[in-house]
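Two complexes are shown next, each including chain A; its partner changes from chain B in the first to chain C in the second.
And then the complex of A and B:
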């Protein structure tokens, strides 16, 4: 028989909001952005290195999928790191916003402190979620593209296009994922 | 008697082979290419490709090519239909017409033996092909990939600064 969870419903919701798990919407956003940024090297290599997409379809497909996996992994890590910090920073502003909104409401309806706290927590989570997603995507994309351009057009520029693409995309996405695992305590 | 006939046959065969390696009344159908965009390339490439039709349809005509006094090897396609020469120059090449001169064996021998003070006719190529190079487009003083790298590093710095402000 499975052990009973020791957390209350509110605590479980809190863990869900601030845990590493992603909602369906967040996952969709991350995979979409990962796909877009993973296909940018295809444009670079097909136009500059003259690699035909049809002839190199298998390599491009594998590179794009592997890159998408690593980049979405990096998105998830960065978002988790940033969400806590953003929630702390935006706490005061969100509280003021909720208090102002409650004060504007109809005077007859009194809002309990518990409900006010829940609203503040919900709003804080919403703001932190949106901002952490955007910042994580921006940070990860900038890191990936900088490493990719450095490797593809400076370090490996004298290599044949095929190994150049393979090494650049795997190393760039791998390093991006690796850097995202670091944390500042 | 048999020896004499054999010798005559060998001599006639040699003459036939020698006669078949020159091109009379050549008709050339050519395509030319030169690099015009220098944004993404550091060298200027030139390619001349042609088909050759000679009057007596000789087989395997060896050709020798000269462009601006330099000799370039003449490549032939596997099916024997196309000939090609190519060369490249460092950097940007201004607008110019290159005249590629081609020699068959006889003409090449005359060219090698020709001297300005000799009584021989001036060296005459078997045929020539002109390549009009229209010049390269103006390139930026800094390479495109370096500009892209600087832009990417600036973006990375902005992203890092934003993240640091949040984590602080």
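And then the complex of A and C:
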């Protein structure tokens, strides 16, 4: 028999909203973006470094999978850090939006202050969730691509293509994940 | 007495000097009739980078630094075998009837390397008749040593401009960079505007 959770329903909702856990939708978005950003550099390596995809399929496959893992990890960390900051900034705007929405509703139905506050809290969480996902994706992708291009086409430019790709992709994705673990208080 | 000796020696010296001058004049006159040619052959590669499948230009320059014309001049270079090079223009064996004294000629051969590998370039040979009735004289050009022929793939990797590739890469990055930022920026602008409106 599975042990029951020690948290109440409200606490579980709070954990879901403010914890590090991701919803299925957020996970899908993150893995999709991680796949895209991990495969886009293959175009550069195949056309500039002349690494043919068929000949290097195994290396590219391993590099893409490892890169996706690290970048997804970075997405989650960045999103968690950004969500709290964004939620604080959007407080006024969201409450203005909710007040306007309530005022537009049918005048007979009065909305209590408690319900308004709950709506504001819920909406603020929703907006912060969406914006933090988008901004985390942008920041992580920009960091990863900048480090990768710097390593592959400046530092290791004259290396043989195979070690160039291996080192660049692993170091770029690793550093991106590492930078995401820093917390700015 | 000293003065007398001095006068005697100076007149003797003058005679000796006159004899030396006459001898030099006549010896030059004798040598002026015996003119010979002397050819210097310089072989040089005009390309900075030698690539498989791209034209390779080799220039042969013949300088006649002798006093007389060189006749029946034949230049031959056996470096470019058919199995490794395709002849595009020029000839690897060339003849000139006459190269005058203090003049020069040049010839360019264009070949296309068929393989990417290290290539050992040896000397070209020139045969000519230095003076009338003389036996043929042979000369050799400088050796270029080992030349590196890089593959077309390596050439593209190192020397092509790749402008188009970078442009396409920036287009491919739009879904990963531009779209997420635009979505975030749109939402941020909307709520900043609502917040500013509320404050007023």
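Throughout what follows, the second predicted complex is superposed on the first by the 177 of 185 C-alpha atoms of A that agree within 3 Å, B and C clash if a C-alpha of one lies under 4 Å from a C-alpha of the other, contacts with A are read in each partner's own complex, and residues count from 1 in each chain.
The rule is short, and it goes like this: contacts are C-beta pairs under 8 Å (C-beta built on N, C-alpha and C of every residue); 3 or more make two chains touch, one makes a residue touch a chain.
Keep in mind it's a predicted model, so treat the numbers as computed, not measured.
Upon superposition of the two complexes on chain A, a steric clash is found between chain B and chain C.
Using the contact criterion defined above for the overlaid structures, shared-chain residue A:85 touches chain B, although it does not reach chain C. Using the contact criterion defined above for the overlaid structures, shared-chain residue A:112 touches neither chain B nor chain C, since it reaches no partner. Ranked by how many residues of chain A each touches, chain B and chain C are led by C. Once the two complexes are laid over each other on the shared chain, residue contacts for A:142 go to chain B and to chain C alike. Legend: residue contacts after superposition of the two complexes on their common chain; A:48 is shown touching both chain B and chain C.
By the document's definition of touching, neither partner reaches A:182: not chain B, not chain C. Of the two partner chains placed by superposition, only chain C is touched by A:130; chain B is not. Touch criterion met: A:40 reaches chain C, while chain B stays clear of it. Within chain A, the residues touched by chain B in the first complex and by chain C in the second are 48, 89, 135, 138, 142, 145. By the touch criterion given at the top, residues 33, 36-37, 40, 43-44, 47-50, 89-90, 92-97, 99-100, 127, 130-131, 134-135, 137-138, 141-142, 145, 158, 161 of chain A touch chain C in their complex. Listed in rising order, the residues of chain A touching chain B in the complex are 48, 78, 81-82, 85-86, 89, 135, 138-139, 142-143, 145-146, 149-150, 153-154, 157, 184. Listing the residues of chain B that touch chain A in their complex gives 40, 145, 148-149, 152-153, 155-156, 158-160, 162-163, 166-167. Residues 153-154, 156-158, 162, 165, 168-169, 172-173, 175-177, 180-181, 183-184, 187-188, 190-195, 197-199 of chain C touch chain A in their complex.
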